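Note that chain A is present in both complexes that follow, paired respectively with chain B and with chain C.
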Partner chain A sequence: MNFVALKMLFGDRAKYMMLLAGLTFSTMLIVQQGSIFWGLMTWSQSGITNVNAPIWVTDPNINQVEEIKPLADTAVNVVRSVPGVEWAVPLYKGVQRARLRDGNYEQIALVGLDSSTLIGRPHTIIEGRVEDLRAPDTVAVDQTGVKRLGGAEKIHLGATFEINDHRVRIVAIVYAQKSFQNFPFVYTTYERALGLTPPERRKLSYVLASPQEGVSPEELAQRIHAQTGFGAYTGEQFGWKTIWWMLENTGIGVNFGTTVLLGFIVGMAIAGQTFYLFTIENLRQFGALKAIGASTAMLARMILLQSFTVGVIGYGVGIGLATVFGLTAGSGGALPFKQTWPLLVGVGGALFMICSLSSAISIRKLAKLEPAVVFRG
Partner chain B sequence: MTPPHVGSTHQEPASWLVRARGITKAFGEGDTKIPVLKGVDIDVASGEVLLLVGPSGSGKTTLLSVIAGILESDEGDVQILGESIQELSASGKTNFRRDHLGFIFQQFNLLPTLTAAENAAVPLFIQGVPKLEAIARAEEVLRTMGMGERLKSLPTKLSGGEQQRVAIARALVGEPQLLLCDEPTASLDGETGHRVVEQLCAVGKHPDRAVIIVTHDSRIFEFGDRIVHMEDGRVDQIQQREADLL
Partner chain C sequence: MVFRRLSVWLALAGVLLTIATLWGARDKPMAPAPMELPPRNPYASTVAAAGIIEAANENVKIAPPVSGLVTKVYVKVSSHVQQGDVLFQLDDRELRAQLQTKTDSLPSAAARIAEQDIRLRDVEDQLQRLQSVKDRRAVSVDDVQRKWHEVEATKRELIRTKADLRLAQTQRDEAQAILERLTIRAPRAGTILQVNIRAGEYAMVNAIEALILLGDIETFQVRADIDEVNAPLVVPGSPAVAYLKGQTKHAIPLTFDRVEPYIVPKRSLTGDNRERVDTRVLQVIYQFEKPSFPLYVGQQVDVFIERELKDVVPFTKEKEKPAEKKDLLPLKKE
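Here is the complex of A and B:
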């Protein structure tokens, strides 16, 4: 009866299109909003992913990566003294003010890397050499910085601008994941970063560390915390800590969650109502099938097949449309859009629920349908 | 055709295909309970065309539904092919209908998105016959009914008479032993109705098959081997065709 079920579905074009539109819209809305949400979360922890260190050591009361609570310079050696530490280096991170050649100001995220190892440097170099940061008054600017600080004509290798009245020269253009605040990343050495920034009692933002072979990052992070009292997290732990902080302290989670729920409800309402109408309009035909010898289970299978067929098509079209949106609106990293497989699996699960629930309403009606209805003129 | 004559509801035990005894059925409860069938006995023999006639509310359609096993009687027993319908489980009744009964409805109840051949093949789909084989068998039955030119037509493109012929093909394709027809001519004009019943009786009159037709249409009475008149939930009168009495 699969053939009959599919012909019933595709034959009623108006209802089929209505169902498809509802499920497609639902999928697209959930995927699009979910992808933007996850893109924002990715941006929120870009300070961690761009540096890509195994362990982050910081003040024990820190909540998220952008919340800098500087440590004493001695912290680096304290961490190095913990058994199982392969290496530990300082990292400066802070928002500073850059003055452009046209006199305008722009806020930047200044990152100071350990000068001897350059640990935490960006992986993708667009132009120049990061090693040239060891030369005096040099910086590397990310792709956002090129745009925000004046465009490719003004920001290029050898170009200069000022950070807190200190002139710096660009020796590399790099790619970095955008930050939530969307400040351009400007990389320099740790020592130079201290010189470029206003005087403070403490300037060491983080100590980056790595475990020796045979020691897991989780284990070493616990050991560092236990022995030094500092907060110590693996990159992944720190990333999730940042995400949870964002969800708890901003309206992002509620906002996106509401939209996703709306997508679910709209999909559910359209699919449920259309399926129910479809069943009601074909009630006599279903009654006839029951009288002829089709069991309720057989009719339920027909309804489920119809529901999941249109569900799968709607899922594909919806994801396709959301992807096209992501590729166009989010091209060049203009929009945080991160489509991940867990999101697609989750949306598949949501659609499965929508199809199951909307089918259940129709199946319930058919289960109660007396085939004798066909003998009533 | 010879006009029917008054006769008996009962057939010889060896020849009956349907035997109903003491069938009662009431709808509603308490003070609003309305008895519709009040102890109906009826036999239908193999090869027989039996017409169930009577005024609206006399219980014809209810009796047909009880015989079909799609409505539970309050009392009594219906046996078809020696099988007691009441003793079957719900799924047993469904399977029994699928394997042994054919239905023709007043409003055809064809699936609007299926072609004539596909509609006629539906009972075979339900039985699990592969699609191509089912459609081929349905087309064969439709051809015998003069519908060879309309096999691929959708119901909306067919006249009332053609739709009813598709419905008859659907009822016959599974080669059921008992055909149950509810007002098969009610939605057709006189001439078409006459032709459809003629065709129905021609294919339905088979030594191993019986046909029960519920009808108001006196123009088709001539096709019945016996006519059972129902009145107020009871069998009021039985007419048997004179030719059979001779």
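Here is the complex of A and C:
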């Protein structure tokens, strides 16, 4: 019986293609939009993931990572005094202006790392040595910076430019996840960052901390908050805080949500309609099957088999196409494109719903089917 | 059927490609290990502070008693001096000349005493002789009386001349003392940390920069700044350790010295002409012996002061699960 069902499905090439196309493009649209959305969210918290610290301590009213609410210098030692803290180091973070040798200005995201430990330094070093940041007047620039500040022939190891009228020398080219604002990341030491930036009463942007063995980051973050009154978040919590802020304060969520919903509706409309037509067209065959004694349940199983077969194939092709899109258009991090397991599972669920709903309509038709229809013309 | 197969293969390829892509991007990169181990608290519970190394008993800024021209500097940076060793010499030519004059006036005063002494003996002799004449008619009473007065006057004169000599001596001693003041000596044993004066320069009494900075660099002390928020947590006498910036392998054990009773504004030296004051800090002084590795006065350190466990504000979760307390506060062994 199942064989017959599949034969019926694949036999009608035009309808099969139509069904497949509908489901494939619906899947692709949802996956592609969802991935770009997630990519944007990844970019928005790149300030956190690039530093990759267990715990972030800052002002309790902080909304998101790019919003700097600086603390007094002594906050580092106040955090160190909280039981369960393995270490705590300062981090400077802020947007500054870089002036290039040709007179052009660029905004940069300056990151000042604790000079002795360099905690928070980038993971991937493309060229040079990040340890050389301890030498005077040195910075490390990320791959976006190389592109933005004038290309590889101007930005290379040993090249110089100015940050707020202070001359700095590049000692390393690093890889960093792009940020939402897309300012290049420039790394230096905390003390030098204080010197490079205009005078301000408070300059300590964040205190990075790590829990001792046996203390979970969540627990310690909560404890730091309870004892010091500072806002303390684990990297993950801070990332989600940033994402929620983005969703609440920008139109990104609504925009992508609408597109995903449209993909779902269009996919469902095409698949439902085509499948219904397909069933109507094969009504005589179903009638014949019913006449020779097939129960409605068996017919329903056949319909479901057909619908899920085409659904699974459409899903496979759809996510494949979306991946190919991501690999080509989004190569080298030019486009915020990031697929995740939950997204793929969610799309699978949506497709399952599309298939179930469209087969439900057909099954309803078949349930009312009289076997006599086969004799009617 | 060809089409069916193609679509199935395409679907399979799509799923495999996606899985491969996701698999390739699955691992979140681990944070790179710190270049140096960050300074870590060795105690169960701590009060952390930022410290600066000073020479024990503070550094002495040597100042001259009077302003004057420097003629010679006897010490070099890092030379060791004992109490009373000469550090530098101010111009003393004028005082030396005065001393000479005063010294030279002494022999004449002494000679005058000798001279008057002889005269006294002479008149005393004359008086004795007049008195020894038995015959009252041979010597007039008037003569004897006059001689007697002469003897007494000469005696008083001798006393005055002796007093004059003492005065001259005292004046010489005074000049000597003033002269010695121009030689600046070490008030205590120590090492010369800075020399900011050279022969030929004029030393001001109220110079802003210390002319010579003297300190004891065998024993150091750490001035630890504790945020006023944490000031109540400090128990005087608590043990502490310090780590040099960028060198966390060696902990420097500290011995408690004292707590400064006055809370001062913390200054961050930014190089700006207006230095910013952001918070007030409690200063606690700890002493330590010179360690085996090089270390300099003025270096910054991270200080961890042990804090009594009973002071630790209980964490809400600990109250619910007291068994976890031990895990929460593991003692670092090292």
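As a convention for this text, the second predicted complex is superposed on the first by the 374 of 377 C-alpha atoms of A that agree within 3 Å, B and C clash if a C-alpha of one lies under 4 Å from a C-alpha of the other, contacts with A are read in each partner's own complex, and residues count from 1 in each chain.
Here is the rule we go by: contacts are C-beta pairs under 8 Å (C-beta built on N, C-alpha and C of every residue); 3 or more make two chains touch, one makes a residue touch a chain.
This is a predicted model, so every value here is computed, not measured.
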| item | value |
| --- | --- |
| Comparison of chain B and chain C by chain A residues contacted | C |
| Chain B versus chain C as contact partner of A:G150, first or second or both or neither | neither |
| Which of chain B and chain C A:E370 touches, first, second, both or neither | first |
| Touching partner for A:G231 - first (chain B), second (chain C), both, neither | neither |
| Touching partner for A:G287 - first (chain B), second (chain C), both, neither | first |
| Chain B versus chain C as contact partner of A:G263, first or second or both or neither | neither |
| Which superposed partner A:M298 touches (first chain B, second chain C, both, neither) | first |
| First, second, both or neither for A:T323, with chain B first and chain C second | second |
| Contacts of A:D12 with chain B and chain C, given as first, second, both or neither | first |
| Which superposed partner A:V4 touches (first chain B, second chain C, both, neither) | first |
| Chain A positions touched by chain B in one structure and by chain C in the second | 10 |
| Parts of chain A lying in touch with chain B, wherever the complex brings them together | 1, 3-4, 7-8, 10-12, 282, 284-285, 287-295, 298, 370-372, 374-377 |
| Of chain B, residues touching chain A in the complex | 61, 64-65, 68, 70-71, 91, 94-95, 97-99, 101, 103, 105-107, 109-114, 118, 122-123, 125-127, 131, 170, 182-183, 186 |
| Chain C residues touching chain A - in the complex, by the definition given at the top | 1, 3-4, 7-8, 10-15, 17-18, 21-22, 25, 28-32, 34-41, 44-50, 225-227, 229-230, 233, 245-248, 266, 268, 270-272, 274, 276, 278-279, 281, 302, 304, 307, 312-313, 315-317, 327-330, 332 |
| In the complex, chain A residues that touch chain C | 10, 13, 16-17, 20, 49, 52-53, 72-81, 83-89, 114-124, 131, 194-195, 199, 201-202, 210, 212-215, 219, 222-223, 226-228, 312-324, 326-327, 338-341, 344 |
